[in-house]
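Pasting the structures here.
Okay, so chain A shows up in both of these, paired with chain B first and chain C after.
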Partner chain A sequence: MGKYDKVEGISKRTMVLFFIIDKSYSMSGSKIGAVNVAVREVIPEIQKIAEDSADANIKIAVLTFSSGAQWMYQSAIDAKDFQWNGINVDGTTDIGQAFKLLNEKLARNGGFMTDAAGSYAPAIFLMSDGQPTDEYKKALADLKNNNWFKASLKAAVAIGDDADKDMLAEFTGNLESVLIVHTPEALKKLIRFVSVTASKIGSKSSNAPIDGEVQTKQSDFNQQIVDFNDTLIDSQYDDWN
Partner chain B sequence: MEEFKHGQKIKLTNGGELTVVSKLGEGGQGIVYKVKYNDKEYALKWYFPKLIKNPNKFYNNLSKNATMGSPAKEFLWPLAVTDIQNSSFGYIMKIRTAEYKNFAHFLNAVVRFKSTNAVIDATLNMVNAFQSLHRKGYSYQDLNDGNFFVNPDNGDILICDNDNVAPYGESLGVGGKSRYMAPEVVLGKTKPNLDTDLFSLAVVLFMLIYISHPLEGAKVAGCPCLTDEAEKKFYASEPVFVCDPKDSSNRPVRGIHNNVINLWPLFPQYLQNAFVRSFGDGINNISQRLMEAEWKKIFLRLKDDILPCPKCGEENFVSLAQNEIIDCCECKNKIIKPLLLSYRDFEIALAPTKNITEWHTEDGDYLKIVGTVVQNKSNPNLWGIRNISEKLWLVKFPNDDEKTVKQNEVMPILKDVTISFGTKKAIIN
Partner chain C sequence: MELIPLKTNGGVKLKYFKGDNISVIGSSHIKTNTVCQDYSGHFCSNEYGIIVVCDGHGGEKHFRSDEGSKIATNVAIEAINEFMKFEKNFSRKKESLLLQLEKNIILNWNNAVNQHNGNFPFTEEELNKLSDNNSKAVENDIEVAYGSTLIAAVLTNKYCFGIQIGDGDCAVLDKNGVISNHVPSDTRLQFNITTSLCDKAAVQNFRHFWLDEPQVALAVSTDGVRNSFSNETYYFDFCKTIFESYLELPAEEAKNDLKEFLQRLTTDGSGDDVSISIIYNSQAIEDVLKSIEGNATNSNDNELNKIPIELYKENKPEQCGDAAIMEDENGKSNVDDPERNNG
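Here is the complex of A and B:
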């Protein structure tokens, strides 16, 4: 044994990647099918990113909503241990309920942000294809007062033309981080890109300051997903068959 | 973008042509392929179209760097640039072989240095590579844990991502990675340059040795969420070195920062002083940052200072001796301080396997060994120095007897003996 045999892994902050997924009845068929495949496929990639990084532990939390909302697991789970349970559709689009549960867990006490080495700002990725069916305004206003939420990286995907893009933009704070997709292929690609980009944000080199202005992580993240969206080949019209 | 397929040909601006073999991996900026060029295998980095902010400038800079050639063998340097094709381009470089490991894996303790000597060799290789780059008038601009690879057995390094390297005063738009960027870049006061490289270099050197970050202690651990604002505070506007002798507010925390707590006291004061200067005064005062030549002297001094424990083999430092005794940091064996070979600018612990190099004898290459400490086969307690150079050494004993030591001859290690290596006359004491 030498001094370097006793070295421990450097302390890493945790970055929780939240997937908030609409599983209302209208998501049935290729929409929920694409979500199930894409998230399940990206988890090993996130695991690899976490292993190759000395910057962040990456944990995953999944919240689904339809008539009511529920967490897939009662804590955020290391990417390497995360087992994806396929999501089945049912019910309505109670997104307000999802905002309420998210607000509860974006906390140290009783929430998911409990790691001793501290956290990075979480990344929150919302996917929905419809109009809210519950009273969500109050829950969203409460969420927007949550400091973890304020600091988080946010992106939303409007799955098809019927999605409430204005509500999604209220959630992300701007319209440019709301991405619209019309096909299962584009949805899958977007889920992968947003998840990978969010997982790498702590390890990525930022751009040089321009006129003394330093780029924030949120603007860097937005820029990356907007650039990617520009290169994404998607139909102009909904095609979910 | 369509990916390249096996057998596909791509033209290089030098008139050559490469053939795609297979995909090796994919990163944020592009895809890396294994390719064949002039019957040899290389890696091709191919950029995703549209992701480079100022593609013409970037491409021209890359081409210039390829023409200039690599500053040192440690760089996976662009050797040739491709023509523009499918609205993008790439460059070829040497392929990294498997014995080089991602430095992040050392930080995660998945890979470990084999010895202290390998750690010091890694720091020396890093410093030499950056000295060569800077002497050519270039800066790297984005040094962090993710862009170099280390051989854990011998400290050899490979530095990748050389596409942001630019001549003095030029910037290709990269700012750097959080926690590795110089404070003045984080605060938006400057773009990366040579001075900011020196800051990032000091961070990386600290992390190679202590497997811990120099600015991450109690203050940083106490922050529940590292927002952009918090990051700016801890790494730029109010940074505190974890071992700052004057400010204890950010000390490493037992249980979180064990590596630096355990390793810091095992290295000599002169190394500690260099980091205190780098992250104390030098954190904001650019003129206080250590240049590569200063680091090199310190790391070579560490190599001279090393003393392997005769019982367990662990490497200790002679300068940590108290009352002529060194307590082995591993097995607690009490090692009697050996004799030293001293001159104005060096002190070599004379123990078996230690080397004298051209750096000592004529300020030359520290890799060129001219003498080595050996043990007598029949009496292992008798130590001597074997001359393995072609030059004659003139040895003078305390009784004024003189003799010359030729190549392959061994001279005894005795107190007050002097050795003249040309102009330098060193003494054993």
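Here is the complex of A and C:
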């Protein structure tokens, strides 16, 4: 194969999995505890998907919001190198700030999509337990005009009955991909399921026709979320003690 | 590979257009025990060469897309051969000519798919695997089960053209040793969303180019190839390496080397099925590639695209040979996909 020894530039494509996490004060106790445990535990599974079965490298980016918003790391990190820093709660629920920062980083220049020539659509997973405390409509409208966001796999979890489910549905684009949980155990299972499923679907190379009602990755994702939700054992009422 | 030495009064001559095609199952498809959904083919005559690659969609409701891509490849070669019989009319507006060709391919593909489905109706086993929505979609429109992309290109002594629906790439090597893609881009084709022969708007979704100048070589490939490279320059360099390999090595050896490399490419790259078909003007490419090599050696510069070459030779009449003598000895169509995995 000598002639081909000089061929350069072979690389896998990249899929970024975004965790957008509410760390407002109302998340204190078992809610943030479940988030910390579940994300820390699912990262090795994502690493294994990246190594064993994905058609793409999987990177992870974490954005937290309370009074303001900030990235856990200043770039998307390869799943195999990602270290989870436990999140502590404080402040309010400035989700508009989170949407603004997310929009900035869903970009090639100055953003996290630096492997643009070889990037799959990202997967974005939003978790929140409350009502927005800042003006989020404009930031969300801007985000929805972002082509990376439009193409992304999206899911949201409403942590308890006080979460703004309508706002979360605005974010994902449909109610099917908004899941409501009432207990720490259900939250942990959900985080694991959504993270693993998004990583599996998002990192696959299969293509889909553009025609009208075709099944895209998002609809495939939604279907799996709905099926999972049907089997999820959870309390009907909030129980975060 | 159709490299056929032909004895003439003047000694041994080589066939003017040479080509090859190869499809290799994706590494991720091997892991998931999925069949190869790509198909490829080529055809060479003394007057022109045709290359085709097709990529079946492979999603749940496209469960016969491996058949769809195979049918598309065969239909395209047949339709283009028919098209080339009317070459004397090619002074007409190229846009309408290519549009007619694309319509013929879509019509023939739909007919062939329906004929296949008539001979081999969907089985209960196939349909039972579908969700309700997908089951309805396939019942309403059986072509959906066979959905595939298609890229076909033709090289002649005077011009070349290419047609494409869906993702994938077409590389044209010109007389200056520069490789470029002339198919207009479709901004909708990103994030693994593609246009398809099974689209209701398939006619509108075709894209094409026509170059009224002799070109040296063409390569078409499914998206699994380009997606294995970090940028287009590396992909074009790879195409150039293929041409060099076929020029320097015996055909069988060149094919084996390419097959081996494609297996590595899908493993280290996209994980997707990978298909490539190539066609080249055997005399012109030798001049161009040797000139590039010479210049590269002199300048210690391997960036081949940067070197202007003016050594392309117009076709000499005697090299075209007699059409009857030069006719393909191995049959009209040379479609195959040796890597096909039906398991």
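Note that the second predicted complex is superposed on the first by the 215 of 241 C-alpha atoms of A that agree within 3 Å, B and C clash if a C-alpha of one lies under 4 Å from a C-alpha of the other, contacts with A are read in each partner's own complex, and residues count from 1 in each chain.
In this section, a residue touches a chain if its C-beta (ideal position, glycine included) is under 8 Å from a C-beta of that chain, and two chains touch if they have at least 3 such contacts.
For clarity, every value in this text was computed on a predicted model and none was experimentally measured.
**Student:** In the overlay, answer first, second, both or neither for which of chain B and chain C A:Ala121 touches.
**Tutor:** Both partners.
**Student:** According to the stated criteria, A:Thr231 is in contact with first (chain B), second (chain C), both, or neither; which is it?
**Tutor:** After superposition on chain A, A:Thr231 lies in contact with chain B alone.
**Student:** State whether A:Gln223 touches chain B only (first), chain C only (second), both chains, or neither.
**Tutor:** In the superposed model, A:Gln223 contacts chain C only, not chain B.
**Student:** Given the touch rule stated above, what does A:Tyr4 touch, chain B (first), chain C (second), both, or neither?
**Tutor:** In the superposed model, A:Tyr4 contacts both chain B and chain C.
**Student:** Once the shared chain is lined up, is A:Arg108 touching chain B (first), chain C (second), both, or neither of them?
**Tutor:** Touch status of A:Arg108: first partner only.
**Student:** Starting from the residues of chain A touching chain B, keep only those that also touch chain C in the other complex, and list them.
**Tutor:** In the superposed arrangement, which is not itself an observed complex, chain A uses residues 1-4, 6-11, 13, 52-55, 117-118, 120-121, 151, 204-209, 212-213, 215-217 for both chain B and chain C.
**Student:** Where on chain A does chain C make contact in their complex?
**Tutor:** Of all residues in chain A, those touching chain C are 1-4, 6-13, 52-55, 115, 117-118, 120-121, 151, 204-213, 215-217, 223.
**Student:** Where on chain B is chain A touching in the complex?
**Tutor:** Interface residues on chain B, with respect to chain A: 1, 28, 48-51, 53, 102-105, 107-110, 112-116, 119, 142, 144-146, 171, 173-179, 181, 185-192, 211-213, 216, 220-228, 232, 256-259, 262-263, 266, 313-315, 329-330.
**Student:** For a test of understanding, state which residues of chain A touch chain B in their complex under the given definition.
**Tutor:** 1-11, 13, 51-55, 108, 113, 116-121, 147-148, 151, 197, 200, 202-209, 212-218, 227, 230-231
**Student:** Please give the residue numbers of chain C that touch chain A in the complex, ascending.
**Tutor:** 26, 28, 31-32, 55, 57-62, 131, 133-134, 137, 144, 147, 149, 166-167, 188-196, 198-201, 205, 223-224, 227-235, 237-238, 241, 244-245, 248-249, 257-258, 260-261, 264-265, 268-272, 302
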